[in-house]
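The two complexes that follow have chain A in common; it is paired with chain B in the first and with chain C in the second.
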Partner chain A sequence: MEKPVTGSKKVFMTGNESVAWAALAAEADVMFGYPITPQNEIMHYWARLGPKYGRKFLQTEDEISAGFTVCGAVIAGKKAFTATSGPGNTLMQEPFSMAEGMKLPTVTVIQQRGGPSSGTVIYSQQEVTLTTYGGNGEGHRLVYSTASNQELYDYTIKAFNVAWKYKFPTFVLGDGYQAKMREPLEIYDPAERGIELIEPTPLVGVPGQIGVDREPQHLCNIYSLEEELYEAVMHLQSEYDRISPEIVEYEISFVEDADILVVSHGVVSRSVDDAVEALRAQGIKVGSFRPITLRPFPTQALLDVLGSGVKKMLLVESSYGQLFRLVRQEIYGETVPIETLFKPGVGIIDTDIIEMIANMI
Partner chain B sequence: MKLVRVALAGEGGQGVQSVAEIMAEAAYHEGKEAIYIPNFGLEQRGGVSIAFIQISDRRIGAPKFSKADIVVALSRRAMTRTHTYSGPETIFVYDSSFQLKDGDLPSQCKRALDIPAIEKSKELHTRVFNIIIMGAILSLTDMVAVEAARMALVKRLGYKFEKNPELKELNFKAIEVGAELVQKQSEGGEKVCAATK
Partner chain C sequence: MVQPVMPKTWYRPTKPHKFCPGCGHPLILKALGEAADELGIQNQLIYGCDIGCSLLSWDFFAMDSTQTHHGRTTPVMVGMKRARPELICVGYMGDGGGYSIGSQHLVNSAIRNEKITLILANNTNYAMTGGQLAPTTLPGQKTETTPLGRDPESTGYPVMGPEMISAITGAGAYVARGTVSKYRQLKGFIKRALQNQMEGNGFSFVEALSTCPTNWGTNAKQTWNWLEDNMQAYFPTGELKSPFRKED
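Then we have the complex of A and B:
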């Protein structure tokens, strides 16, 4: 069958559309989903494009079901994914917890909307806590926070590979702005960029006789004994710690001599870039740190930057401190004063940040 | 060119979002950076529809903005809905047919410009109302060349143009008419928001 994306080409499309193309290019087999704004068009495009390339789609009766069907499909050895937002993300925490417990390579795209509850259908960065640490577990998940339609494409492809390589539930954390805006990006066949797609394999019904050819596949999400659960969670934690250094990603700019370090993630980091550039032009020593992986967090990289003489930090986010809490727990013991610009559920533009920094110096 | 920001607002069915998309796509095909994002709150079901467009030579930061270079309000309630996007450097465009009351114009703008687009579209064809508006916007900035806008129109409506070549001429004519309306109104002198309040 022909490839959905051959070579590479420039396009002008929405973030949702770019996710659907990326999932096709990543050879995803099936999407399960339930409609919710602002992610609907991921489903729409997938449902329209997928069947042309032999891919499947099922609209389930709700998000809980969408999450569990994804779990089932990956157990059966299919590259499966879903996409949701806001209250849908809340409902999916139960299947995501199972995916954590059973180490399932699920892929989920979250397009954050305003909360709590149905909140707005528009935009926020209020699903950071939920996506990184939601569920009744220890947050053994991999979470990429994107800032553009290009990154939605790049990291959706990457999410499938990382999920199947490391076998942890993997998330692409976008937002309503990225979902709905059109901007230029390049879509490409991963092979053209030297990206080798990892083949999925079934987690049950694998060949060989148990005890003779192989160990039993122990996919378990409930244990009779406390000690059994303890062992299982400790094993997950040590696996997570082992792979984290290979996974962490971040972006830094103008940090070498920065007095003030602005920390942000996702689409807000674009405004930070503009603000830093404008302030630098005025001779103000500002730099920026942007975690791309929120789980695992690029702790050492941030500590290194802070250790190079940063006098103040500014935390900027479209929520009331969800990134701030994440950062603070990771840099516990640091004494750099932190100021904050929290705008839950609304966009942040460069002048907001410039004004804030003018008050800090 | 420097960054140009446009907020285009109107009622559902006035073609606000499609004309925004055509302009952004035209800029993209000219090799510029472009972002177009609709407002897509619950208000889109029976409220004012707003399109945010930004075009630049350089990478664009935030997808939305606080003050626009041009605000276009295609209904009276769209005028008040878009006050927030009008600042001291903004050209605030609205239709000449609106019976304005105190408070309809924003408190801040560089220039308040009314054009008789609704009336003119009745002469030309009501279907091209939004294209007249596009012509007006294009004549107010250098964000997109008319030729690029024509190409984007053909790309979008090519299948309709093939069936009915007159439609193509009608659309191209509408772009010109929009520019003429701006030109004509400008000859009468420029209004500012404070003076017209």
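Then we have the complex of A and C:
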């Protein structure tokens, strides 16, 4: 069958559209989804494009079902994904928790909307805590926070590979701005960029005759004894700790001589880049640190930057401290003063940051 | 001493099983095991169990199996079947998992005529959690959360599951209600519910009336009487819909 994306081509499309193309390019087999703004067009494009390339789609009865059907398809050995936002993300914490407990390589794209409750359908960065540490577990998840439609394309492909390589539920954390905004980007066949796609493997319905060639597969997520659960969770933790150094990603700019370090993630980091550039032109020593993986967090990289003479930090986010709490727990013991610019559910532009920094110096 | 013959698809290392004495689950699972034996589908059948007493069957069969969450076995099996239609996906759940917390999944997968087989044990209570009111609790029946007996004025009437599923499924669906007191009939229903999926006809659903002496607080005789006199009088057994039978 013809590849959905051959070579590499420049396009002008929304983030939702780029996610659908990326999932096709990553050879995703099936999407399960439920309508919620602002992620709907991922389903719309997938539902139109998928069947042309032998891919499947089901609109489920709710997000709980979308999450669990993804789990079922993954257990059966297919690359399955879903996309959601806000209250849908809340409902999906139950299936994500099963994916954590059973080490299922599910892929989910979250396009954050305003909260709490139905909030707004527009934009926020308020699903950081939920996406990184939601569910009744220890946050054994891989979460990429993207900043552009190009990154939505790149990291959606990467999410499938990382999920199936390391077998942890994997998330691409976008937002309503990236979802709905049109931007120029390049879509490409991963093979052209030397990206080898990881083949999925089934957990049930595996080859061989039961009782002759193999034992039956018995997958479980509930334990009779405290010690059994402890062992299972500690195994997850040690696996997570082992692979984390291979997974962490971050972006830094102008940090070498920075007095003030601005920490932000996702689309807000683009405003930070603009602000840093403008302030540097005025001779103000400002730098930027942007975690790309929120789980696992690039802790050592941030500590290294802070250790190189940073005098103050500024935490900027479109939520009331969700990134701040994540950073603070990771750099516990550091004494660099932290100022904050929190605008829950509201966009942040360069002048907001420039104004804030003017008050800090 | 001659031991009773176990189905080939029962997993011997996990026997004796973990269900209470007098529980109906093992009979339903025996019927499923024998039906799978007769159809020769040990390597194709994927068994998914809900949370509740049904979870005790997670390693019951010599067939690939997975646990899910309370009420979520249906969507897991739907996802599995959609992903790999060659597998024979069977979900097993209690009345709470199917008719209460998972009712939206049951109803919608039935409406979509998903090509899966669901078997639901109806023992008129939430057994694993200690005997609370279930959607199937009979009027006047005492449970931990209806200590004075179920009052339909306050908590409604027992859900008639197969009747509901029968009404909302399209052509090709198989719907039946059996009881552990009529074992051969129950096994026939379960076998046809598997065959129906194998033939790709449509949604297949069997409710099995089952016993729970532990939470009913009954002895052997009282248990059987409660099943045959009270439950079977309220919940009629038989096939409600079958592509194997000519409609008259």
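What we mean here is this: the second predicted complex is superposed on the first by the 349 of 361 C-alpha atoms of A that agree within 3 Å, B and C clash if a C-alpha of one lies under 4 Å from a C-alpha of the other, contacts with A are read in each partner's own complex, and residues count from 1 in each chain.
Just so we're on the same page, a residue touches a chain if its C-beta (ideal position, glycine included) is under 8 Å from a C-beta of that chain, and two chains touch if they have at least 3 such contacts.
Treat the numbers as computed from the prediction; the structure is a model and nothing was measured.
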- [ ] Put chain B and chain C onto chain A via the superposition and say whether they clash or fit.
- [x] fit
Task: First, second, both or neither for A:Pro184, with chain B first and chain C second - done: first
Open item on the list: Is A:Thr60 touching anything from chain B or chain C once the two structures are fitted on A? First, second, both or neither.
Closed with: second
Open item on the list: In the overlaid three-chain picture, which partner chain does A:Gly347 touch, first (chain B) or second (chain C), both, or neither?
Closed with: first
TODO: For A:Gly205, select first, second, both or neither according to whether it touches chain B, chain C, the two together, or no partner.
DONE: second
TODO: Between chain B and chain C, point out the one touching more chain A residues.
DONE: C
Open item on the list: With both complexes overlaid on chain A, does A:Gln217 touch chain B (first), chain C (second), both or neither?
Closed with: second
Open item on the list: Contacts for A:Ile75 in the overlay, against chain B (first) and chain C (second): which applies, first, second, both or neither?
Closed with: second
Open item on the list: With both complexes superposed on chain A, which partner does A:Leu49 reach: first (chain B), second (chain C), both or neither?
Closed with: neither
Open item on the list: Quick one: is A:Val30 in contact with chain B, with chain C, with both, or with neither? Answer first, second, both or neither.
Closed with: second
TODO: For the combined overlay, can you note the least CA distance between chain B and chain C, rounded to whole Å?
DONE: 27
TODO: Spell out the part of chain A that touches chain B in their complex, as residue ranges.
DONE: 12, 37-38, 120-122, 176-178, 180-184, 267-268, 270-271, 273-274, 347-351
Open item on the list: Looking at the complex, which residues from chain A come into contact with chain C?
Closed with: 29-30, 32, 56, 58, 60-62, 64-65, 67-78, 80, 94-95, 98, 102, 202-206, 208-211, 216-222
- [ ] Would you pull the chain B residues touching chain A in the complex into a rising list?
- [x] 21, 24-25, 28, 33-42, 60-66
Task: Of all residues in chain C, those that touch chain A in their complex - done: 11, 42-44, 46, 48, 51, 55, 58-59, 61-69, 72, 75-84, 86-87, 104-105, 107-108
